[in-house]
Structure formats: structure tokens, C-alpha cells
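So, here come the structures, one by one.
Below, chain A partners chain B and then partners chain C, in two separate complexes.
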Partner chain A sequence: MDRGYLGFAARRVGQALVVVLLAYVVTFVVISVLPGDPVTNTLRNPENGFTEADVARIVAYYGLDQPVLVQLWESLSRFATGDLGVSLRSNLPVSQTIGDVLGSTAVLAAAALAVAVALAVLIAFGTQYLPVRAQGVLRALPSLFLSVPNFVIGLVLIHVFALQLGLFRVIYPDSAWATSFAALALGIPVSAQLAEVLTAGLDHESRQEYASVARSRGLGRTRLLLRHLLRPSSLPVVTVLALTVGELLGGALITETIFGRTGIGSLVESSVTTQDLPVLQAVVSLAAVVFVVVNLVADLVHPLLDPRVRKPPTRPSAEREVLAQEVSTP
Partner chain B sequence: MSTDNTSRRTVLTALGAVAAAAPLAACGGAASGSGAGEGAQAGGDVVFLIDSLGDTWIPNNSAISSFQGNVWGHVTDKLVHVDADGQVSPWIAERWEQNADATEFTLHLKSGVTFSDGTALDAEAVVANLDHWARGRPEAGINPIGLFPKTYAAASAADATTVVVEFDAPTLGFIPTLGYHGSILVSPATIALSAEQQADLSQDIGSGPYVVRSWKEGDNVVLARREDYAWGPQALGRTGPATLDSITYKIVKESSLRTATLQSGQADVAYNATPQELASLQEAGLEVAVPRYLGFAHGYRLNASVAPFQDVRVRQAFQHAIDREEILSTVYTPDWQAAQSFLQSNVPEATDHSAEFAFDAALAGRLLDQAGWVPGADGKRAKDGQPLAVTLYPNPYLVTSQAIDELVAQQLGAVGFTVDLQLYDVVTYGERVTGNKTLSNYEVTRSFIDVGTVASILTSANGGEDWFGLGEGDETLNQLRDAVAGAVDLDTRAAAVDQLQQHVLEQGLYVPLEQIVQRIYAQTARLKGVTYNGVAYANYYTAHLDG
Partner chain C sequence: MSGTVTAVRAAAPAPGRRGPRRRGAALPPPTVVLSLIVLAVVVAWSLAPGLFTGQDPVAGVTSQKLLGPSAAHWFGTDHLGRDVFARVVHGTASSVSSALVAVVIGVVVGGAVGLLAGFLGGLVDVVLARVVDVLLAIPSFLLAVIVVSSLGFRTINAAVATGVSAVAVFARVMRSEVIRTRRSVFVEASFLQGGSRTHVLLRHVLPNASRTVLALAVLQFGLSILVIAGLAFLGYGDPPPASDWGLLVSAGKDYPTAPWLVYAPAAVTIATVLSVNRTSRWLRGTG
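Entry: the complex of A and B
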């Protein structure tokens, strides 16, 4: 962790900034090429009874009559100073809109991640303990989890636990019980990938010579698993874990809609349907920041899990690819 | 919710039950459930599940929204009350007079009315509201109320309870417009706020029987009773505070989840159920309300400047080829009513003209024969090598529209039309269909509170919408329009509206389908005393929960 490491960190932060900027611009371009804008769409509905002069004055207020490049420049200048603008849909400041819902999604995503990790560990460890025949069922679970859409899981959970058993009330989706079930709905599909990777890792490590030696010296199964096999097996899991953040954010959109939670997911849903550009740009940038930061953290955690990674600081960008291969080496 | 002591056992029971119960629950979800039992306390709390709470809460910008109208109707008052039959009665305005040519109105206000911030709802406040509805502040992002009469000139306070309102031309529609969902009275302090501040519902101050206790954007709005309220509309038979303690509007986007939650007892009202769900809800002991709004009956307006509808005989054939009884019995429940005109029959001026559009496939065939459209081997008609083709655009604002259009396509096909359906989502529909003057037809779903509105939209005069593509080309239509717009008393206007209905239907310019219901309420049988106003919003001011 010296000059090489600092250079690596600086490069990664630079890349992160470029990614966020690109996400912001791409969102702007994509929304701008769509026909219409939310303000004109609403005003031109004849039921609202506005004259063209009325429409023109209101559109001018939002700056939507400006050329696209001017709008992009103004939007970028505001973004650079931390001003996220005002929602075209609700007329509330975007920072306030996001601030109001961020906590709810963070709690849901964290709980779902915990559910996913717990399930993955249970499945992977189960495959190491159970007799071969019983393992089949466990090994099939990840495929099952992946193939059941999370809105189906969500609806089943709501119908059984809220409506039939009365464990939580649909109108209070932020209660502890409701959050737990939403986390379960979101976490189950995410656990599949983690379970697959961890199971494969443990399978691979347990076939290695060092594991056979340890077993022949009389080391207990649990001790072998926890002390020797788990650490090398969890390296690819950390990488996959970082990638599941995207899945959690995407899945939150559906889970929040089903459970009636207000969060980043439901905010994206309403902003997409109403072409609410300022909110969308802010949310996409935020997602890019989260994604980049989480992946950065994953990269920084690798050297802690595997001391060998600390030695060659010369090619840090290739670290993860190298690691994936090195994992097989005892 | 379970307590800590019981929670563990409940979870274990629940986990045990899930394997067996899950598939069953996913399919049905119809068990009567674990009612929360809140209704026992005095007053009661009503939970209303709704699919959206609209967009912005800036009063002028949002009041047209059919979602937010539910909230505004409890938080704010109006100058007059318009009931489900279009009858106008006093509310904040105790009485009013107009001059002989309907260009000046004098409103006499109730005294002692206050907004929930304590300021008086007096003549000055009403003048501020009238100016704000008419003009808005577009430069600050606050719209005028689009449907407010464009003939508005000025308003002034003669004394604390008297307001004089002047117009540039006869405006008989002014008084009913004061009962429209856009015309909500808010505190002058609210009017003075910026767009961003008005968008915060808690800063929008009204004088209604409820105040906003809390709200969360895109999630819920909780209203609490205002204890010192004493100026309810006479027509509702109550003036004092409301009975219900609170009303919670909670967004649940998934339609089946709204009705399943209602059936489980966790909510009292579910908004916008589909007509197909209603029979099973009623069997489960719930009540269904399908109030009609004042406005146009659901139907097509035909564009007489676009093929094949330039020929009146083709329009009339279209009119007579549709079997409306089949539509009602196939798509709807018996709660829906047949159209009698292009106006809903609860509009006071609506008259029965159903003979003009009676189903008669043979007549439709003869009209097309006369117009020179000859059937081919497949029964489809053509003229000069051109097929008799029509494209229908199901209206995304009405859930049953596609099913109806599919049925209509079959019925038209039976007399020789070649019919296509083009489906669009709301945004694309707004872009390609709404206001597109090159399309041969448009499916109308539109409310109004005063029949005078029709005069301002049927032709192109006075910035009108030229609904039938006739411009100023139909002399009879122009005369009737002017007679409606310029009438200075209601009887004269009603006579002109009657002739207008006859002419439009006879000419096949408007093809009614059925009387429209756009707001469907499914609710617990314990909820009593609900009223519905002229735009079909439920009002819980007089409601209570039994038991």
C-alpha cells in the first residue's frame, strides 16, 4: 500500500468520475431523443383546456424550449455545483426527493444482501455436509431461485403473510415485518449466483491436495471448512457480491412497486413513465456512484483476503482476472 | 402485528404454512382475514387504496388530476356544490345574482369561514383565488386553471362578504365552473408561495373539513378531521365537523393487490378495480359504487374531413352498425347504463336521442350501398379500388377501451368495414393520437361540469378544438354553437343543447357507445353515507363506519 497503491487508487477514482459523467450525459441523450416532454404532454391534453400561448409560457419556465445542447450544458453546470434541479413531475427539489427515499432503499438493499449471503452460505455449506443424494436438492435450489421472478415471490409472500396470516399490513410497508419479507423477495434471486460460486469454490478447494492432507491428519470437517477452504473459496464471491449491487438496485424497482414501498426503485419507475429527466439523471448518476464505489471496495478487499495479491502492485488493474485463476492454486 | 412474545411462534407457524398455502394464496387471495378492527373507535379511520396520487401538488397544476381530486375534495372547499345530477347549490357562496346578459355576477359569501391557517376566507381571498385560477403565474411555473372561462375580465371585493365578477362576454357557465374540481379555494398565503413551496402538500392550506396530517411523495397522504369546521354544503345536509377521524390515501399500484387487501380487511376502499373483478367482490360481501361523471358519453367522434367519413352516409352506417347492447353485456356489469345521447344522461340538459343511433345492421348496409361501397367476395366493401378501412385507437385512460374496440371491430366488419386496432401507451397516445387532425376518429373520455363547454370545443371558432374536422363548414352546427355559447338564461340554452344533440347524432359526427364510468370504488359494507359529486369523486365528509 505505497505509491503504487496510491496511483492505482487515483486511477480508479478518475475512472469512477468518468463513468458517472457518462451515465449523466447518456441518460440526458436517451430521454431527449424520446418524443415530447412531461410538461408539454400534460398541457397539450385538450382536457386541460390550455391555449398554445399558455403552453409556450409554461414550457419556457422549465427551459424546455431551449436547444438540446443548451439544456445539456445548463444541466451539467448545475450538476457540477451539486444542484440536481427540480422534478418536472412533482415540482419538488430533486435532492429532497431522493433524500426522502434513499434510506428506505438502503435498508431494503442491505437486508436483501444479508438474506442473499445467508442463503448462499447455508446452501454452499449444506452441500459439504449432506450425503451426496440429499445434496442434489440443495444444488438445484440456485437454479430454482433464478428462474422464479421476484415479483412472483413478492406477491406470494404478501398474500400468505400479510393478507392470510396478518403478520404485516400492506399499508405500512416500512414496518419491520414488511421490510423482512420484501428483503426475502429481493434477496432470494440474488442468493442464487452467490450460492453457485461459493459451492463451486468449496467443491474445488476440497478436492485439492492440501485438503486431502488435512483430512488424513484427522482435521474435523467444520475446522477444515472454516479455517482452510472458506477463505480461498470466497475470493470470487466478493467479486460477484460487488456485481449483485446492480441486481439489487434493479430488483428494488419491482420489489418496491409490489410491496408499495417508496424508494429509489419506485422513483425510477415513476420518472421513466413521466419522462422526468432531472430525477432520472440524478438517480442514474447515484446508481453509477454506488456501483463504482462498491466495485472499488471489492478490489480493495481482495488483498486483505489473499496476501499474494499485495506482492505484485505493478499491474493492479489486472488483479481480479489474475486472482480468478490463482484461486485454484493452493 | 405480533408482539415480541408471540412473534417467534407466529413465524414458525407461518413458515410451516407457507409451503401448503402459497400456491393457493397466489391464485386466489380471497380469504377474509385478519381485520385490524380499527373501526371500533369513535369516528373511525378510513384507508383508501389508490393506484397513483398524480404528479405535482401545486393546486392549480394538479387539480385536474383524477387522483389528487380525491384529496383536494376533503382539504378544500368550493364556492358552489355540484351534485351527481349537475344541480348547483350554495356552499361558500350563500347566494348569487347575475345581470341580464350574464356578464356580471355577484357572489354573497358565508361569514366566519376560515382557512386552516386561521386567515379569513373573505371576499379578498375569493378575489385572489379567482385571479389565480384565471391567470396563474406561468412565469413562475404555476398554470392557470385551463377550463376557467377565458372571458374572465376582473373580480373585486365590494365588502367583506360580497364579490363582483365581470366577464367580457355572456358566461352562463361561470357558476357551475365554481364547483369544478379545479376551482378549489386555497389560502392567499398559499397563492403567494413559489411553485416549489406549493408542491409541498403540507404548505397548501384550504378551508375544508380535513387537514393534511402527513404526506410522503409517491406514497401516502393522511388527512385528519378539522374540529372547528362549520360550513359544509347545505345539499349534503350537514354543516359541522366530519365524523371520520382520519382518511389515509395509500398508493398500491398493483390492482389485484388493492382488491385483495380490501378483502382481507386491511383497507376500506379500493379505487379503480376492473369491471371484471366487481362480481366476485360483491359476492364477497363488498359494495361497489360506479358513479358517473357529468360530461360526454364514451364514444367516437368522427373526423368529417378524413376518408371515409367525408360522406355522411358512411358516418351514419358506422353509427348504426354498432350493437351497444352487446357491448354492455359483454364488457360490463349491469351497473353500466346505455347511452342516450353524446352527453351523459345526468347532465341536466341531456335529452334522449337514442333513436338516432339505434343498432340496425341492415340500414348500415343500405347506407353503404347508396354511398357506392360495394362488398367484395370476402364481404369487405371497397370503392374505386379503395377498401372501406378504419383504424381505431383504444383510449389508454379507459381500461375497457381495448375490449370494446375489438367488439366494435367485429360489428363493423360484419357490415363490410375493414377495421384495424392500433394500441399505444399513454405517452405515445398523447403524442400520436390526441389532437392529431389527420386521424379519422378519436375515442372520447371527457368530463365537464357545465354543458356550455361543448360550445367551445365542437368547432374551430374561438380557439375551439374542431372535434369533427368541419371547421366553420357546417352552418347548422355554427348556429347551434352560438346559441349555446351566447345564451343568457338556462331554458334558452337547454333548448339549443337539445337541437345540438339531435344534429350531431343525426349527422353521425359523434358515435356514442355507453355512459362512461371512470372511477370505480369497491368498499367495505361498513362504510356508510358516502356521497359522489358531479365529477364522480367520493366525498367522506358525511360518511361513517358502522360497528
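Entry: the complex of A and C
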């Protein structure tokens, strides 16, 4: 743990903090450009059963009668202390609203990630084992995955496996089967990028001299793949993996809506419909926090894993990109 | 949705094989020809939908509701007896041109940001790079959703939202391309010969960077079709009787006994995006 690395880590953490706070500001600005007036739309809507006193309390809490800049400052300081505000819809703390559904989305996202990695490894390893002529289909798969809208994947899975084969019931979205298929729908598009990067990495490594040497020593294909080619090829995969977190969160919006799951995605969907701005603000900022933290960890771990970049560069993410490019577009 | 990484990485040209192949070389591979034909059909559908179907996309014959695909109704009919083929064809213009709007926003705004950051460097670069980091940190589909929800649920707003969510990717690629070009010897030579910053920027840096950015733009066009379809699917585009592809799928999913309502518009979307991606790969000269 030399001083250079610690300095690099400190700088990187500082950057991450700035990005998170700015992401909050950007979200706030986007949301408060909203032409509709949340007070009239939601709070004074008789369906919600707020009394005038409630409305006055919420308006005072959010400072909705204050200038936008003051609102931003107060909102930002509350966010910095971990206070996410109160849902306009349910009158519950936003942190509780999010906490209630976080587990479901975490399970879905983890399962989807597992699906994506498994598919990517299958495709990438397949290209290494099959003869060149038979590889075409496998190599075309990622670009096919990237061309299919994710809601179509979900609908097809439901149509075939729930309605025709009866493997799961749509009305029990949290059953193991339903969760697996939701994870499949969410994971397939993500697997495409991983598969592309991993395949390109393996292709590149298998053309290196050390691979020829290993082959000439009579090393079997599987041993070569697992012992030598996989490790250098998987570094860019880690980078891409960190970047796909955002995609999982965005995709969850559609997947959860289609499969009827309650989760962060469907919470966003319903909050958009009911214009529950504090919930939207909180979810989007938290998504940014998750993304930034995961990528921060990837950045910090990378120099430790890869001796080639052990001397920490000044702009680590740029360097990692260059590395990913070199490996994937030989 | 899917994207940033693949887009950024895929836009990097293969060394030694920049740009389209030599003119006059052999015909493009068959899959590319097929893709170009598909794209030509899609463009024709969006320019003159009336030429391809005589049926009304909005008014239906209720006695003919939920009919399967047949010679009279290629894609079958929906719950109001409207011809699905006619609805798909008439929805093309809005589905495809909104993706075009999104890409233009991404290229122009993102390109300008990347160009300024890369060319001016220094403090400008530091500030703009942070802004781009922030935009990248918010999941792009989520960003598109909150932008469209604050602008209002219209297809054109969905297009703007998609464009905004693509700005960061373009800015990043443009910046790295500009920096790469700026460091090259011919740019140095141009400065030494007394070329002004504007001259160097317009004559050397921009043309060199634009090739990669344009290849990315084609890729982003396919991606934007998917994002806009997703937004339309969630009901964030024009309401019915508009017939955006995503909206058609969304309306069709409520009739599981009539799967063609989902499969037909989905197949058209997939064929279009697949063709765009294939063409983009061919243009980059990587296959």
C-alpha cells in the first residue's frame, strides 16, 4: 500500500462524493422543471385525504413556497444527512418506502447479474471451443440480444412459459420460477456486453505468444483457457460489470412492471404516474450513489488486480477504458 | 438501456481499418445487403405509409376484431378490428424519426461538450468531465424517464429525453477522439504554420473525430429506437390512437389469445434495430 496508491484512492473517493452530490442537483433540476404543480396535483387531490393542515405542514417541510435555490439547498442538506423526505403519496418516510421494496429488487438484480455472467461465459467459451465455421451463430448472439427490446423478452417469456407451458403463475410474481424468468428477461441484454468483451479478450489472449508456447508444450485447451487466458481477459469484464449496474436498475423498471413485481423499478413507475417527486428524487439519487460506489470499488480494486496498471494513472477511468478498448478491439 | 460501454467501445475503430471499405471493392456481405433493404423499407414506410397499406390505422371494423394474420390482414387485427399492419406502418414515422431526434440531440450537445473539453483542456476539461461523469452516474433509462415525466408524456418529449440520456456517451467519445487528434503531428504542424485555433479545429480536429462519432451515432440510433419503444411501452409517449411500436406491444400484451398483437410490432422493431446495428458494424469496417 504505497503512498501513491493512497493518494490516488483519496482523490478518487473525493471525486465520487462530488459526482453523487452533483447527481442529486441534476435530478432536482430536472424534476423541478416539471410544469405541473405537485401541491395542487397530489396534495390537494381529495383522494389522498390530506387536510389543509397536512398540506401546510408538507409545504413548509419541503419549503415549496420558497425560491427554487433555497429549496435545492435545503433538500441537498437533508440528503447529505441521509434524510430522504416524505412520500407525497403515502405520507410515509421515503427511506421506509424504498426500504420496503429494496430487497425484492436486490434479489432480482443479483439473479439477473448471475444470468448475465453465466450466459456471457457460455457464449465466450463456446467461441473458443467451436470450429471457426460454427462460431458464427454464437458470435452473432450478443448483437441479437442488443437488438431486442427488453420488454419483448419479458413478454415472450411470460407468454411461452407462464401462459402456454404453465411453468409459473403470473399472479405470484415472487415465486422462484417467476423470479428466475424475470431475471432472465433482465439479464439477457446485460449479458450481451459482457459476452462481447470476454470473447474479444479471449480471442486477443489466445493469439499472444505465451498462448502459442503453452499450446506447443502440449497444454490442453481447457487448461490453457482456465489457467492462462481467463485471468487477463476477465479484467475488462470487471469494468463492464461495474458499469452495467445502472443498466440493471433502469431495466428493472420495465421488467418489474411486466412481471408485476413490487420493487424499485415499479416504485419509479408508480411515482411517475402519481408525480410523487420526493420518491423519484430519492430513487434516482440512490441509483447514482450505487453506480458511483460500485465503480469506485472497481477503480480502486483494478490497480491491485492488474500489475500493468499498478502505477496509478491520474485519470483512472480513462486508462481503464483504453485498456478495455485495446483488449476488445484487437 | 443497454449501452454506454458497448457504445463507447464499439465506436473505437479497428486499427488499420478505419472507415468504410475501399470503394469499388466487392459487394457488401449478404447480411448487410439485407439490412440495407430492411432500412430502405422502414424509411419508405415512414415517408409514405399510405403507399404500403390501404387500410385505416385508426378506424376499425369491430366485427373483424382479433383476427389472426391472413392475406387480408398481414399482421392480423386488434381488439377494435384495426389492421395491425396498417398501425405498424403508420407508427413507423413517429418511432423512427423520434430516434433520429434523440441522436441529433446527443451528437450536437454531447459533441459540443466533448469538443470543448478536449480542445480547450485545462479547467474547462475538468469541469465538463465532471458534468459528464454525473450524467453517466444516473442510469440512462432512469434519466430518460424523469426527463420525459417532467416534460410531459409526448413522443417528442420521449425523444428529447432519450437524447439527453445519450449526451454523456457522445461527449466522452468526442473528447477522447479530439485529444487523440490534437496530439498528432499534423495538428502540431498546422499550428506551426500559423493556423488559428478555429482553423485547426474545423479543418483538422473535427473531420478526424467525426468519423468515430458518426459510427457511434448510427449505433446510438438503434439504441434510441429501443429506449423510445421502452418509454412508449410504459405509456410515456403519445397516447392511443397513436401507434408507436412500443405502444402497440404494450396494448397487445393484454390479449394473450392474440399473440400477433405483440409479436408483429416486436418483430418489426427487432428487424429494424438489428439492421441498424449490422450496418453500423459494416460502416466501422469491422465485419
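Methods note: the second predicted complex is superposed on the first by the 283 of 330 C-alpha atoms of A that agree within 3 Å, B and C clash if a C-alpha of one lies under 4 Å from a C-alpha of the other, contacts with A are read in each partner's own complex, and residues count from 1 in each chain.
Going forward, a contact is a pair of C-beta atoms (placed from the backbone, for glycine too) under 8 Å apart; a residue touches a chain by one contact, two chains touch by 3 or more.
No experiment lies behind these values; they were computed from the predicted model shown.
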item	value
First, second, both or neither for A:L144, with chain B first and chain C second	second
Which superposed partner A:S233 touches (first chain B, second chain C, both, neither)	neither
Contacts of A:R89 with chain B and chain C, given as first, second, both or neither	first
Partner chain(s) touched by A:T127 [first = chain B, second = chain C, both, neither]	neither
First (chain B), second (chain C), both or neither touched by A:T257	both
Chain B versus chain C as contact partner of A:T97, first or second or both or neither	first
A:T199 touches, of chain B and chain C: first, second, both or neither?	neither
Partner chain(s) touched by A:H159 [first = chain B, second = chain C, both, neither]	both
Touched partner set for A:L267, first chain B, second chain C, both or neither	first
Chain C-contacting residues of chain A that also contact chain B	35, 152, 155-156, 159, 163, 257-258, 275
Complex contact set, residues of chain A against chain C	15, 18-20, 22-23, 26-27, 30-35, 143-144, 146-152, 155-156, 159, 163, 189-190, 192-193, 196-197, 239-240, 243-247, 249-251, 253-254, 257-258, 268-269, 272, 275, 280, 283-284, 287-288, 291-292, 318, 321, 324-325, 328-329
Complex contacts: residues of chain C adjacent to chain A	1-6, 8-10, 12-15, 130-131, 133-143, 145-147, 149-152, 176, 222-223, 226, 229-230, 233-234, 236, 246, 249-250, 253, 256, 259, 262, 266, 269-270, 273-274, 277-278, 281, 286
Residue ranges of chain B touching chain A (in the complex, touch as defined)	1-2, 10-11, 13-14, 17-18, 21-22, 25-26, 29, 31, 33-34, 36, 47, 49, 55-58, 61, 64, 138-141, 143-144, 146-147, 150, 195-196, 198-200, 216-220, 248, 250-254, 257, 260-261, 263-264, 266-267, 426-428, 430-431, 434-435, 446-447, 457, 463, 465
Contacting residues of chain A [partner chain B, same complex]	35-36, 38, 41-51, 54, 57-58, 61-62, 86, 89-93, 97, 100-101, 152, 155-156, 158-171, 175, 177, 257-258, 260, 262, 266-267, 270, 273-275
